[in-house]
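Letters A, B and C mark the chains as written, and numbering starts fresh at 1 in each.
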Amino acid sequence: MTVKQMDPASLNGWVDGLLLNRTVIGPVQKGDKFVFESLSRASDLRLDYDTTLLPPKKFLLPSREILLTFRGDSHYASQAPPDPFVLLGVHPYDVAAIRQMDRVFSEKQVDTHYMARRGACTLVALDAQAVSPNNFAGCMGTATVREGWDLLFSRVGGAYLAEAATEKGESLLRSAGLLADAAPGQLEERDRLWESNRQAMRRHVLHCSPQDLPGLLSRNYDHPLWQERAERCFSCGACNVVCPTCYCFDVQDEVDWSLECGSRCRAWDGCLLRDFASVAGGHNFRRHSAERYRHRYYRKAKYLPEMTGEIACVGCGRCVDACVARTANPVEVYNTLLGD
Amino acid sequence: MEGTLDSPARTSGGGDIYLPRPATLLSVSAMTASDAFFELALDGPEDLGHLPGQFVEVSVPGMGEAPISVCSSPTRKGSFQMLVRRIGSVTQALHRKSPGDKVGIRGPFGTSFPMEGELKGKNLLFVAGGIGLAPLRSAIQYALDRRGDFGRIAILAGTRSAAERLFTGELLEWKRRNDLTLLETVDQPSPGWAGQVGLITGLFGMLRLEPGPWAALVCGPPVMYRFVLRELRRLQVPSREVHVSLERRMKCGVGKCGHCQINGLYVCQQGPVFRAGDLFDLKEAL
Amino acid sequence: MPRPRVAIFDFAGCEGCQLQIVNLEEALLDLLRVVDVVEWREAMSEQSDVFDIAVVEGAITRLEDEERLKRIRQKAPVLVALGSCASSGGLNKLKNRMAMSEARRLVYGRDGGVSRLDTAPVKAVSEVVKVDYLVRGCPIDRREFSYVVRCLALGREPFIPGYPVCVECRIRENACRWQEGEICLGPLTRAGCGAACPAQGAACLGCRGTCDDANLEGMASVLAQYGKSREELESRLAVFLDPDGKGVSHA
């Protein structure tokens, strides 16, 4: 489909129209930061946000989600699938992260809970208009994305360009009525925006190509840096919670007051938390905080890439911001290992 | 009892991978002060369809799920068995159950001992530490049910004390057979125990392996592997012929939750049965 | 299964935690269908000596209280410590930082020397007897208390987080108090309250006691990055996490 254009006022009008009959989630302000939230009106949208506290994964893999309900000892029922919703204004690095989660939950045994949410979701991406202080997506190749979204908005000059990539995206855009095609000059401007985002999203500069990271880590398992940098680590898991590519979860049962009926819930877990790898009887396969600290980098830049071919860090910079101890910056870690 | 068992692990064909299937306990019996033995069958006509060494996620509503090895051989149809140590919420709840009660089952999951594959025709050395005898028992039973398919069979088993010995009735049976060698030890001297005392590695000195193609099947507590592998090297069992079954924390059993990860491997997917030779390069494995 | 019999006892505390139970409102009726409360001074007059679960609120501040607590423990198959005061000594422990005689004078004025008012260093319940379960917090979290009661009635271990408050705080997308220039004890404190204080714009004071393996040394070295002094940290720690920072936290 050809790229269309829309002025900001009609974009808002379109979103208000969508809100009449469906849930629309988008970035809004919270204090001096931003969060994704279910909108009540388009004017709350902050499409000029730099980044959000939590990534939009919270709507695809909720921090706490009922997998099934049970009654007595032998009646289990899967949770009903969610209603359709629009996830609007997702920056490219977060789209890249969602694509990684899509693979995890769809390969081999399909996770019907994630996939039902994903299927209910129309993903509307947005090229960033502001760059957060710790973003390094430009170094990770995720400052722009050409895949993974249904619809992509890009702000050029006074207008938004809208490009649909799927039938879902097209039909959503059709509800905006007749739109003019983007002018050739606007498309060139969009190319310049992409190039400038690729340059601007380097608030921390990785001194190697992401492809070199698995090899770099292979050589440095016993490097003193793991212990040194973990000495300040609180094993607080903030770096896991805020990460768009962290999807590990715990599962717990809860009963209501009947003690007969209840639900089995999954909740976010994090590999930095002390008991992540401990088993009944007391053995912990990663007992020391340095082992857990190291595991996070290995998982993201060696173990998963060796399985999937993709680095499981999109450079959003959220972990850098969320770490009270200021020790979670992946770029600092990799550059130190590189000897720089 | 005949028929091929090389069925792939069951995936719940498009359904919810977290939804257990109801099963009924046929018998429950105490085995030691903290271990109980269960026989169960899935409700409905289906067999579990597992392979020796695979595990299931056992579900008790309100308590949660726990990964438990199937300790019986798939050559014995109609029901399956498990041995459960009482240690936390789910396992305690299982110990309170009686015959006729229901539990939920997901799986079977994971890799198995290749009894119909490369182990066929070989001599088998089983090394079981403590509750590690449970997953190995499915392979031992299998080998005994298809005795002609395998060469010599030796079993080394160790527990902390005599009171913790598992499957004592079967141990006695095995002891009496003349087509296998069983060596047992307990870590601490125990009243009424006249047998060997000491760590399981001590049994290797008593073992005479006839020449021939040997394969080892090993399962025990985390600390055991390194020492046992050293003994196996001394006996010149090649590391590619050593099959170990590992334990890790598990939540999903289906490669999603991330808990069971060892380097690039998920124990619930590429394990729990691994070839020892494939693990040497993995820092956290053994 | 017969309903477990529960007896609730109070020691030194503000009784705020028991008030949380009273405030369960409709859930209180549900609770009473699941357990049989046989002793509770706060809410009923009859008393019973036979019970399955003892719930103990408050810190232990007097020698005779230690004896009473030991007697309760002897009769109780399961003992639950309720609230910060019982779990770790709570605010009462501030007293330990003064000489005992000074504490008596402050509290009782000139009569402070009389032996009837003997006051010993404050102890958490677990410092006197074995505690099976802790319901932490100042005050306790009603949802957590209800959850623990259901678990006990069901005969399972409750899942109480061992990780820091930051996990719940980040999930709620609160502004981090450290970035607002405050000392927040969330990274050292056991989660379970849903990061109640940061959600209200206040720093965590550590009322739930320390998390597993709390990294105090790490905290000391992080202070400098934020231009904070050790004294500031210590005055914060003193409220709930003990002057030496070793808040009692394990059941």
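Annotations
Basically, a residue touches a chain if its C-beta (ideal position, glycine included) is under 8 Å from a C-beta of that chain, and two chains touch if they have at least 3 such contacts.
Because the structure is a prediction, the values reported are computed rather than measured.
If the chains shown are joined wherever they touch, the resulting network links each chain directly to all the rest.
When every pair of chains is scored by its C-beta contact pairs, the maximum goes to A-B. Here the chain at the heart of the shown protein, by mean C-alpha position, is A. As a whole-number value, the distance joining the C-alpha centres of chain A and chain C reads 37 Å. Averaged Cα coordinates give chain B a centre that lies 43 Å from the centre of chain C. We define each chain's centre as the mean of its Cα atoms; on that basis chain A and chain B are separated by 39 Å.
Across the assembly, chain A contributes 252, 254-255, 259 as residues in contact with two or more other chains.
Those residues of chain C in touch with two or more other chains are numbered 154. Among the residues of chain B, those in touch with two or more other chains are 62-63, 88. Remark: chain A residues 67-68, 70-74, 76, 78, 104-105, 108-113, 221, 247-255, 259, 262, 264, 266, 269, 271, 276-281, 283, 285-286, 291, 298-299, 302-304, 306-307 touch chain B in the complex.
Remark: chain C residues 154-157 touch chain B in the complex.
Listed in rising order, the residues of chain B touching chain A in the complex are 11-12, 14-20, 22, 43, 59-65, 87-88, 91, 101-104, 221-222, 247-249, 251-252, 254-259, 261-264, 269, 283-284. In the complex of the two chains, the chain B residues touching chain C come out as 62-63, 88-89, 92-93, 96.
For chain A in complex with chain C, the touching residues are 30-33, 35, 53-54, 63, 231-238, 241-242, 252, 254-257, 259, 268, 270, 273-275, 289, 322, 324-326.
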